[in-house]
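Chain lettering (A, B, C and D) follows the sequence in which the chains are written, and residue indices restart at 1 in each chain.
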């Protein structure tokens, strides 16, 4: 079980490296799809079938959306090698990585061991959740009963994002009258 | 967008039905088995998107037009919002105000199933809508 | 204590329902969306004034006791933010009725605006860490879309930049939430506070708080993380610039940082020093970049960075007086910066440009815009008796008083603060000189004053600027001091949410 | 501790892609990778050794050796938010491509600073 988890994690890392470094945008997108499916299997492995289902279907949809962009042009490879960023961006990234690794290395030693969560609040969901919400699927019980307000927020987020996409894809943004050109 | 060949269309017609039924099942039984309104909604959207790909945009838009999808999007969101507000009848926002019923039955656990249905409708409509709009977006010719 | 006031969830439910409704029926008649938006925001103003007098209280969502369910917490700090959000968004809606006629899809605009208000109200009221993340995302996603509302080159590009940086920040926040959950086993803010308080800070929480500073700092546009703001804020339509600069960076960034670091995690020496350094950096870098700008809105955006630096400095110093100044400056900045952005929008609406060099002599043609713009400029530069003066004074005195903690550094801090204030004045004298005075150019002879609803919004904001300055002692006593006391009293917050 | 370290590596890879890459699609891919890493972290945090999926299969079942259901509920929300962001960023990419005819960030730079 642990062996499988580790190999899946390494699969994801390899997928990420290929997705980032390959010059072909199409294979890059497909690598991300593979990572998402790997993530779905990890969810299944770690006792989260609900998440696995959601992850698979979302992965399919976001892959379709990404392909829609990538296939807009015939030639999907990156033509030439880019000069790597400005000094500022690189320095910021290195600084960030340094701070992150420094803090993470001490923090992960102090975290509860993998496989032994604290379950302070969740123990109540596990022991009494069924009695209170009367739904056998405890994840749905948490999602739609104990924390239903979060789910309203979630539904609102997707509503917002879709309205936002429609707004962005409008053919015309401004109604122009005589020379009302702001970026002249 | 044009449709695809006859073979693809025939298979899609068969397959899309199954996908839609399975999506509806995932939505309805979300409180009993893995799944829920969101996963089911995405499946329903994927089924319709398959129809769009196989039959072309016009074929699928005869079933659900863009305006209708947009309206269903809002209706689903409003329905979920209404479930939340109806909780005030019991004194709290988001109170699970419907009787909890016998566990393991379809009609049980109060508002959970109704919430799932509302989310399912919402997610289905909005994802289908965004796909149609993205697919229909054509880059204008320069000049 | 816990009387479950029905108003609390309505602050989120009303704008959400209004957003869904506007998008659904707005396509029938555009006027409906104007009407619904103005009415709902007016109701929110009434509601926020109604809860101002109430005792601090907790609302249990769905009747589940904390920490098992989500709860809303209303205390004076939330009340202060609620009032700011409601008033500014009401005036912005009023202003939008005429201004947004030059854009298409007005119902979607109002829908997104309502969603943004709902997101900010949710962040301000919530007592749950993950719920804060969800509502932060609602507000943020709505703002990404609104920045791109004009769908021109610059707007799309600014929106892309904003979206990428914003969602990286959100991911850091969520990563921090995962670490916090792992370390404490709970998501309720008060419960986290009591768990940490009994154990002391461990490395996991230090890591998490570093992620929170990065994430929320980016939302608040603190200087190493400020790159998106000077693009995003000027690109949006003017009312949205006012919302973004006046409200969003405060509710999503500064409020969340104050709440997390004072009420939950607890501030130690290191955190306050980080906040002070970030604050000073923002003040200086923001104002230096602003002085050289010739784009009206871009200049204002850089000043937002600089002014938020003042707030961060006050929050970092953390003495009662400095905090009082910081919270008061938060209120003042949202008033005068919104007013300045609306003025720039009025100028752009009438003349079609926002380049300072192409403007001039508008005072005679646009008296309302001109006079309100002057009031706001005096406010932001800290000229008495306008509101900006008092809050800056409080922060400077707070910095000087911190001499026992920082030694000589306290005087250097105070000197930098005064210097930045002076540079702000220089920069706004330039704005006055180029926009309002000087010769009226040929092209601008036909310019007219903006329509009445827009003028009304401008005038109300200007009156607020003056009123907050003249009635400063009253405002401080009624609104700001209770909020300050809440910030400083961590134990009271815990016992409010988790009695016994 | 091992899974946490690997998970952080995925996160850092994503951040690297966002910061260093000069192609819109690569930046979007970096965002997706960051999102995977965060979801992964949440599910790792909630895993209980030997735990089962938190779904009761029959009435009166007494097993309570479940994995933590709370992070799972959070992840569903976070995946949905991720999908919304993806839809929006795709829309933005399409519009940017329409305006500039390229995915190259260095060529899409009208704004200063």
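Operating definition for what follows: a residue touches a chain if its C-beta (ideal position, glycine included) is under 8 Å from a C-beta of that chain, and two chains touch if they have at least 3 such contacts.
Here the structure is a predicted model, which is why all the values come from computation and not from measurement.
**Student:** When every step has to jump to a touching chain, what is the lowest number of steps that links chain C to chain D?
**Tutor:** Steps on the shortest route: 1.
**Student:** Could you tell me which chain lies farthest from chain B when each chain's centre is the average position of its Cα atoms?
**Tutor:** C
**Student:** Between A-D and B-C, which chain pair is linked by more C-beta pairs in contact?
**Tutor:** Of the two interfaces, A-D and B-C, more C-beta pairs touch across A-D.
**Student:** In whole angstrom, how far does the Cα centroid of chain A sit from the Cα centroid of chain D?
**Tutor:** Computed value for the inter-centroid distance: 1 Å.
**Student:** Using mean CA coordinates as chain centres, what's the gap between chain B and chain C in Å?
**Tutor:** From the centre of chain B to the centre of chain C is 36 Å.
**Student:** Using mean C-alpha positions as chain centres, tell me how far chain B is from chain D in Å, no decimals.
**Tutor:** Centre separation, chain B to chain D: 23 Å.
**Student:** So, what's the distance in Å between the C-alpha centres of chain C and chain A?
**Tutor:** Their C-alpha centroids are separated by 28 Å.
**Student:** At least two other chains touched by the same residue of chain C: list those residues.
**Tutor:** 16, 20, 23, 61-62, 130, 134, 137, 141, 144-145, 148, 151, 153-154, 156, 159, 179, 182, 187
**Student:** Multi-chain contacts only, two chains or more: what residues does chain A have there?
**Tutor:** Chain A, residues with two or more chain partners: 49-50, 54, 58, 61, 65, 68, 72, 92, 104, 109, 111, 117, 119, 121-122, 125, 130, 136-137, 139, 141, 143, 145, 147-154, 156-162, 164-166, 168-169.
**Student:** Any chance you could list the residues of chain B touching two or more other chains?
**Tutor:** 33-34, 36, 38, 42, 70, 73, 77, 81, 84, 93-94, 96, 103-104, 127, 130, 134, 137, 139
**Student:** With chains as vertices and touches as edges, which is it: line, ring, star, complete or other?
**Tutor:** Per interface graph, the chains form a complete graph.
**Student:** Can you list the chain A residues touching chain B in their complex?
**Tutor:** 49-50, 52-54, 57-58, 60-61, 64-65, 68, 72, 130, 133-137, 139-141, 143-145, 148-149, 151-152, 154-156, 158-159, 162, 165-166, 169
**Student:** Quick one: in the complex, what on chain A touches chain C?
**Tutor:** Touching chain C: residues 92, 99, 103-104, 106-107, 109-112, 117-122, 124-125, 145-150, 152-154, 156-157, 159-161, 163-168, 170, 172-177, 179-184 of chain A.
**Student:** Which bits of chain C are touching chain A when the two form their complex?
**Tutor:** Spelled out, the residues of chain C in touch with chain A are 16, 19-20, 23, 61-62, 64, 67-70, 101-105, 108-109, 111-112, 115, 118, 122, 130-131, 134-135, 137-138, 141-142, 144-146, 148-156, 159, 179, 182-188, 191, 195, 202-204, 206-208, 210, 224, 348, 352-354.
**Student:** Show which residues of chain B lie in contact with chain C when the two form their complex.
**Tutor:** 67, 70-71, 73-75, 77-78, 81, 84-85, 87-88, 90-96
**Student:** Using the touch definition from the top, list the residues of chain C that touch chain B in their complex.
**Tutor:** Listed in rising order, the residues of chain C that touch chain B are 4, 6, 9, 13, 16-17, 20-21, 23-24, 27, 59-63.
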